[in-house]
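Structures for review follow.
Shared between the two complexes below is chain A, which pairs with chain B and chain C, respectively.
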Partner chain A sequence: MIGDLLINVGAVSLLAIFAFWILRTRYLVGVVVVSGAFSLTAAALFVVLDAVDVAFTEAAVGAGIATVLGLATLTFVPHFEKPHRFKGAALGISWFPALLAVATGLLLTLAVSDLPRFGSADAPIHNHVAPHYINESPNEIGIPNIVTAILASYRGYDTLGEVIVIFTAALAVLVLLVGRTRSRRDKQRKGRRQ
Partner chain B sequence: MMSDMGQVFGHWNVYLVIFLMMLGFYTLIARGNMVKKMVGLNVFQTSVFILYISMGKIDNSTAPILTDNPLAIYANPLPHVLILTAIVVGVATTALGYALIIRIYENFGTIEDHELVDFMEDEENTL
Partner chain C sequence: MHDDPVVRIVAKVLIPSIMLFAFYVQFHGDFGPGGGFQAGVIFASAFILHAIIFGLNRTRHVWAFRPNLAVLCVGVLLYGGTGILGMLGGGNFLNYNVLGDTPQAGQHLGILLVELGVGMSVAASMVMLFFAFAGRATHNRFLSSKERNDE
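Entry: the complex of A and B
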């Protein structure tokens, strides 16, 4: 229990360091790679929190595919973020966004006291449909992995909807990237030459 | 006072998640570079996943894969299923965002917010 707690604290602290790194560095290749490390650390945290399926998916999809997509994008765009300050920014902090983030964080913190204690077995989330899934899925579905049983059977329509979302996103990406037209800058340059 | 401490300590995971979430949120709104915005969004998103998965954990629980031990406590599988869907959908939206960034760069020659705004103002003035 204490060991789990230490791993948990360590992983979340590491995540905070990565998030700060992402915020501060201007080299975008570094930003994308550290975001991959962020996802991988989150995957390790999911293993400690008993979510092995989520950990697999986060490591493969979140840390793998998302990082590759980011690096592929960076082959088309500049690798450095240009320094820019919002109006009223001082000491390297943009105060209006900072204020917004702190205010949102404070509101969320106020709501936390209503949540059940971390790890408590009598939290409402554990006493609704979850016991049915855990107790009945061996008889009703017959798959040892309860997460798979819910994903593919009890909530199969959710998964169907997910597939539709991915299909739509894939179509949109194809529409955006395949058969690219000449850019506006080329046209302008051509216009200037004439 | 002791129960207050217990209350705070029992929620430390959520407090840390809120901190991470706000770091991602700040990256998203305070940085003008679009690739960095996407990465900030990813940080925000992953923090929300951690919040959900934390809710499913029970003290001394094991992963929700059936074992022969009749006394085993299984973690709540429902948030795991929801987050599995969310991770995959999140990557789909990330891919779409990156595709848009590539197109924006081809058209305008920049992926910085403020330069795009300048570009559009110039265009309005010339019209």
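Entry: the complex of A and C
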């Protein structure tokens, strides 16, 4: 119990420290690397919450691939963010956005008090389709991992949509970054003529 | 760093193990944590590690652009095709019950095929994204120093 508490408090404060560090620094390589660390810490938190499948995805996608893609992108942009000033900034703080952020934070904190207690059995989320999945999936699907049963079978249509999103993203990057653009094609033609 | 023999040999040991682990995650997703998404990302990371250590050109030689594009499309088609197979068997789209002799066997087969489609699509798109970004790098940071000299 006390161990769980320590892990939770430690991981959440680490997340806060990483988030502030990312906000304050102008060194973009550092931002990418610390974002990876942020994802890994979040993955650890998901493990504590017994959401191993989510933790696995977060560690692989958030901490792994996203970091590598970020670093790959940084090979063709400058490594430092330009210093910028917002209008109406005083004492190094832009007051209007800061006020807006604090107000939104307060509202969200107020809203949290209306949520059902964490893990409570009569929360709406545990009384909709979840009991059906837990009770019936051994008979209907017959595989031990209920998460896979939900993702691939009960919610197969959503997962198809997700795959198509990834497919579309890959195609979009393909169109934008790979292959010939008009200027490159013209350059090649010029080269051939000479 | 790329020409360091330690890095190269460790990479050579790691890359096949990463691929094997990806297959484990892919086909063990029914029993433990994992599935197509995670397996696809892990499988792609093997190619990315290869590109970082040995240079993008050699990775392109090992795994060319066109087969990658084919795997990307076949993954999505495999998923959709499994759904249509369910329709041909008399069920709804993506109803796997009709795929096997018993509903459970059908579900097992359907989930296996669908997860395989997800894995193929995700792996290919991650490799594609990395190739697209790293291939445009002006500094050619992802090429080994030998290749940089060749250019």
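By our rule, the second predicted complex is superposed on the first by the 178 of 194 C-alpha atoms of A that agree within 3 Å, B and C clash if a C-alpha of one lies under 4 Å from a C-alpha of the other, contacts with A are read in each partner's own complex, and residues count from 1 in each chain.
One rule holds for everything that comes next: a residue touches a chain if its C-beta (ideal position, glycine included) is under 8 Å from a C-beta of that chain, and two chains touch if they have at least 3 such contacts.
Because the structure is predicted, anything quoted here is derived from the model rather than measured.
Of the two partner chains, chain C is the only one touched by A:I141; chain B is not. Once the two complexes are overlaid on the shared chain, A:V68 sits against chain C while remaining clear of chain B. In the superposition on chain A, contact of A:F76 is made with both chain B and chain C.
For chain A, the partner that touches more of its residues is B, with chain B and chain C as the two candidates. When the two complexes are overlaid on their common chain A, residue A:Y133 makes contact with chain B while staying clear of chain C. By the touch criterion defined above, A:V112 lies against chain B but remains apart from chain C after alignment on the C-alpha atoms of chain A.
Shared-chain residue A:S153: touches chain C; no touch with chain B.
Contact with both chain B and chain C is seen for A:T57 once the two complexes are overlaid on the shared chain.
Common to the chain B-facing and chain C-facing surfaces of chain A are residues 52-53, 57, 61, 65, 69, 72-73, 76, 144-145, 147, 151, 159, 166, 169-170, 173, 177.
Within the complex, the chain C residues that touch chain A are 25, 29-35, 37-38, 41-42, 44-45, 48, 65, 69, 72-73, 75-76, 79-80, 83, 93-94, 96, 103-104, 107-108, 110-111, 114-115, 117-118, 121-122, 124-126, 128-139, 141-142.
Residues of chain A touching chain B in their complex: 1, 8-9, 12-13, 15-16, 19-20, 22-23, 28, 31-32, 35, 38-39, 42, 45-46, 49-54, 57-58, 61-62, 65-66, 69-70, 72-74, 76-78, 81-82, 84, 86, 93-94, 97-98, 100-102, 104-105, 108-109, 112-113, 115, 117-121, 123, 125-126, 129-130, 133-134, 138, 144-147, 150-151, 155, 158-159, 162, 165-166, 169-170, 172-173, 176-177, 180, 183-185.
Against chain C, the residues of chain A that register as touching in their complex are 52-53, 55-57, 60-61, 64-65, 68-69, 72-73, 75-76, 139-145, 147-149, 151-153, 156-157, 159-160, 163-164, 166-167, 169-170, 173-174, 177-178. On chain B, the positions that touch chain A within their shared complex are 6-7, 10-27, 29-33, 35-36, 38-40, 42-43, 46-47, 49-50, 53-66, 73-81, 83-85, 87-96, 98-103, 105-109, 111-115.
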